[in-house]
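So the structure is just underneath, and the comments pick up after that.
The chains carry the letters A, B and C, assigned in the order they are written, with residues numbered from 1 in each.
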């Protein structure tokens, strides 16, 4: 039938390059395969090894921490920015277009700019803080484990905030402006208007955006790879970067595959919960 | 005390558009004042300035004793009913009505009492748990009213609240609104483009056009003594008939004449028209002031015309006729037997003739 | 619109907006300043007295020269552009057909397939890159642009499909039925009526897919090994850092030049991009 013919190309590509490799990934993770050595079946050994690996534990915790905080910041700042952009002002179109640049420009390239900004010896941020009297000694941005994590969250927020802002802005524009006027007459100040009228009506869009963002952030690779490489001393590894290090760096394909598979149940759970919540909201 | 005084009120948009031009209005306490006029006349803008939803370009608004120019809407002690109801879609009817009171930190008991009272008056008690999307247009309108009532404000503002209802419902709600006003007797400002609503609801009516106030007065005053051609043509349906006539003085008296039309100017008006002798003026006569002439009618106040269309409405008949080249509409007794293309003589009531200056359009 | 006091407007609107703009755009400014700054000035430490981080008084193009002459940057640009265009084209085509089929044809399993396409989005590239490297090698596509052109559609097709489905749904059925009464086949109606009406959607999906391709990194990193085949992101990462030394001048020049094509294309189609982004979220 026509439908099958039309869907064929898409299905072929997706099956060949997603479904099949996914199955292969599972197969790899159950063997001791390495580069140049097909290895043999080892059951869940790779998984247990990863579970007990302290670096993996750090990487997993990092990924959760990173995703959680980056999403919170992106949502808050994105929402605030969307509310600001929802008003009328001159140059609105240019401002709106330029706000999306962090999202458009390849992450790797802008991550380098940030890395340069955080450089231990030549950081412009240090320069600014020093000359305005906030600090006496330089801040260890990327050379300290905790600081580096927060820097990464900052860069991720910088990059992802426009996505939230623009999408939430579109959602804001579907809300009947009469509602805000009615709320103002009802005695609601700006915060109350937001909390009682805007936020509930925006919840469906918010949820979808958050889910997209969580999927991307949880499986993030580029940013950490360029910013810190996983260091210092493996303290900023994410699941993806650690999987890369094991699989491609050291050639332990089986273990690398196992590590990366740990991402899947989390992502699945996140989407599942969100879909359920979305259904509940739309029914109400 | 909640009288509303607008002094020298102006609104400019973008420096070019002068939407409201120097409006002066005194709305008395407990009065139901209607602002009426065609789209773009500035009535809604004026209302929104009273509400605090539009910035005032110049002028002053006083509600009660206070000048409210710089006060945000929530501090003006007013309530508004929107054209599209503006009900919060995610809240129940009860929460919609309670919201304003919750924002002002009323006690739960007080809120419940007020919401119950308002919903009783409006007959929406069974709907309290429902969401707006489960309600019909008329029900939503009542909830919007309820939301305004519970706050016991000193001023009600209505922005074309009945425009989105179908014709039958509109008539019904009009009566209910009037009853509500009798009961609550709070000062109200009501905006509409429908002159029927204006006439039936208003204690006094303000007719606006192009940002300017055309006339302020009680409904019957606007009907019987319109200040200019616009008000005369706007109030009353079917609209007043107009014809451009020349005022001629002859030995027998003063006449208003044009092709196909020759009417004597009654003595009462002749004085006022003295300055227009030989000149053109606008003659206005309402359809209800025309009737089929009988033998007793004098030719001085009669028109000879041909019937073009007959519209039988049951309680009356509308006749579209032509006198000379002038189309006229007449409202006649339903028992009249008339046929199309028939020649007819219509008599008019000399007490109900209106004259307007041909240039300024003001009533003479 | 609710009136508010003048000073509140400044505090709650202008200042936050200005801060946002500063925050968003400063890194790009920094990129540009660094790219034009001579090496001598570049490597002044942050505490040095004569450091003028925010501007340079002796702008130079030496980094750009170095970049273009001593690295394969131009090749990387060409590669990335080619790969982006090709994979966008493939994804658009697949997305068009799939979107049409899912939104306008009724058949068993259409809901299942729609969900299935959604599920593929849950399988990120960072999960699949290990086995995919093997598959790519087995297909003899290793180290060629085709390894990317065929794999990028895996994350581009779902977006394109959703976006275009949304557009197709807004086209009334009557339009197609009218065409078919006029004698067109289903296929013909699809091409001549539906697709032209969906052109804004196609542009939106295309722009969005284009920028996503430019942004991809891990597949390019893993599948391409020789310098001439690399894409801009990978090339900048692997070739501009020799040993432990970062050639910041050239790096920033590369970052700037690498960003320009995408930014340019984006600037011509901003409205479409925004429509694409918001449409895919609603879909």
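Basically, a residue touches a chain if its C-beta (ideal position, glycine included) is under 8 Å from a C-beta of that chain, and two chains touch if they have at least 3 such contacts.
What you see is a predicted model, and the numbers here were worked out from it, not measured in a lab.
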item	value
Chain pair with the greatest number of C-beta contact pairs	A-C
From chain A, the most remote chain by mean C-alpha position	B
Rounded Å distance between chain B and chain C, as computed from the means of their C-alpha atoms	58
CA centroid of chain A to CA centroid of chain C, Å	16
Where chain A touches two or more other chains, by residue	181, 184
Shared-contact residues (touching 2 or more other chains) in chain B	52-53, 72-73
Two or more partner chains touched - positions in chain C	1-2
Chain C partner contacts - residues on chain A that touch it in the complex	1-3, 6-7, 9-11, 13-14, 17-22, 24-25, 27-28, 77, 80-81, 84, 87, 93, 95-102, 104-110, 112-114, 116-117, 119, 121-124, 126-128, 130, 138, 158, 161-163, 166-167, 170, 177, 180-181, 184, 190, 205, 208-209, 212, 215-216, 218-222, 225-226, 239-240, 243-244, 247-248, 253, 256-257, 260-261, 263-264, 267-268, 271
Residues of chain A touching chain B in the complex	176, 178-179, 181-189, 192, 196-197, 200-201, 284
Of chain B, residues touching chain A in the complex	51-53, 72-74, 78-80, 82, 84, 86-90, 99-100, 103-104, 147, 151
Residues of chain C touching chain A in the complex	1-2, 12-13, 16-17, 20-21, 23-25, 27-28, 30-31, 34, 42-47, 51, 53-54, 90, 93-95, 97-98, 100-102, 105, 107, 110, 113, 117, 120-135, 150-151, 153-154, 157, 161, 186-187, 211, 214-215, 217-218, 222, 232-233, 236-237, 246, 248, 251-252, 254-255, 258-259, 262-263, 266-267, 270, 273-274, 277-278, 281-282
